[in-house]
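We call the chains A, B, C and D, going by the order they appear; numbering starts again at 1 in every chain.
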């Protein structure tokens, strides 16, 4: 850890980036709040950010997923944080499982980061730490847990992630 | 990770818990906000909390530090998060280094958690993840980095932590 | 003003009370946040609250409007604050214009109060003050202005209220 | 109200503008947050702002007070909002009482505006509305009430303003 390694932060949309537009009586996914969250977190660890998608995760297609995988596989960084809608986060985790030698952490939020009560900052903190400390593999950091990407599912009714056997 | 292990969360005070009291024109350390931060973070991972101290870390004595060490050494949990003032966080990290077999993560905040722009939630998220993913040892999670407890110092002028060689 | 008069605070829904539910990928109007806003505002002025409706103002019917008018007309208080969706706020203002001897102030928000950047607290403060200081009549307090209820329209594209002649 | 009159907004410091600096373990009064509060309030009413002082109100001298009075007396605007520390707000109200023909509203906050739970936005909203709707005179807008400047005192123990007879 002596020389901190740059973390790659990819954004793909999801609830974390939802904003409410009164003129439309609707929420939409906007410019990612991730940079603001990292500033509020007073992050001085080197990182590099890129927007891959700006979508509700229910709208992410196979082609979109291939794009995420290609971006991660081609990255020079070994610690990767991906913000992502929660509904299909496990599908993207599955697609990323083929990439060796990288610590890939998916996270997101169940309440928009623009809410004064949101899990966004906490979750992004978890992901940032996991990218630095966990062994290579794919992880989902949410609800206070660092899950392996293949051991968890979202329970939509409860609005949280649970272990597969607890479903 | 299949059966999540309970994390022990100890609070000792510090800026993270500072509240402003107009009647005194002063801030004071109050009831810890850690529980509120974990609720906002929608944490469902099992944890157990205890208040050890409620002090500015400049006021933490050797006896206080011994109390923290005793509490951690005697705990049944192996993943430990400690919120702590930043000014003497490295001294407490040093005192905890003697404890084997536990992943101990110190964190805190440079702005009170009650501020709308605070690093508290992000830092607590980092600590929570590190307690689950890092090898046994003592860590300091702050400024977006998971540092080993003995490799870092606080630079009071810059208001951040830096590696010892960067001092 | 020597003996403060109790203000009646009626809630009808609208953007001010919108909450986001991840399980539905949707926002909904929930329990009003007005009480929380008044607590955060450290209000010690006597007030009494009641929920009349819990609707997006586009869904408010003539019967709903008659219910609001009846409630205000029958109230013993002379200072009335009504939180209301902005899209049909002027229609309700018009319906209330027939009530003599009361200072009736409609307000709401263009961003949900649960957002960390919302106009809700500022607007509610305006309404609370107007109910105490303005002559009997119907007012709309929004965008930093206290408008007469009949001089203003919402410009949906701009997301703000403008004077009728500025339309 | 047909053509909105520009409101003059003067800042003098006080708790509303307090920021916490970890490097000093202290709070200090900084650049006023008033502009940010007016933006969050989506204010489109014309206003003009000026910083007169940047002081805890316990440190405001007679000369400072004379400066505030001179600025208000010389202003072309008739609606004036002044943000001010609460401890000597009534003294400044008294000094301003000599100025005829203007609606002058003092406000402030009991918790810094940078706190996520602060009365700052609500109070500023009250002051903004009072400057538009109240008869000429000096007012203090706080704790949900619009007080006449001479009828109220701060109760430091309770951390709120009360009518003189309630002291």
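Structural remarks
Convention: a residue touches a chain if its C-beta (ideal position, glycine included) is under 8 Å from a C-beta of that chain, and two chains touch if they have at least 3 such contacts.
Quantities reported herein were computed from a predicted structural model and do not represent experimental measurements.
In terms of the stated touch criterion, subunit B and subunit D have no partners in common.
Averaging Cα atoms per chain gives one point for each, and the point farthest from that of subunit D is the centre of A. Bringing subunit A onto subunit D by least-squares fit of CA atoms involves turning it by 180°, to the nearest 5. Mean C-alpha position of subunit B lies 43 Å from that of subunit C. Put simply, the C-alpha centre of subunit C and that of subunit D have 24 angstrom between them. Chain contacts: subunit B has residues 110-111, 116-117 touching two or more partner chains.
Taken chain by chain, the contacts form a single closed ring in which each chain touches exactly two others. In this structure, the chains touch in the following pairs: A-B, A-C, B-D, C-D.
Every residue of subunit B that touches subunit A in the complex is listed here, in rising order: 1-2, 4, 37-38, 40-45, 47, 110-111, 116-119, 121-130, 132-134, 141-148, 151, 160, 163, 165. Here subunit A touches subunit C in the complex through residues 15, 18, 20-23, 25, 27, 56, 58, 86-87, 110-112, 114-117, 156-159, going by the rule given at the top.
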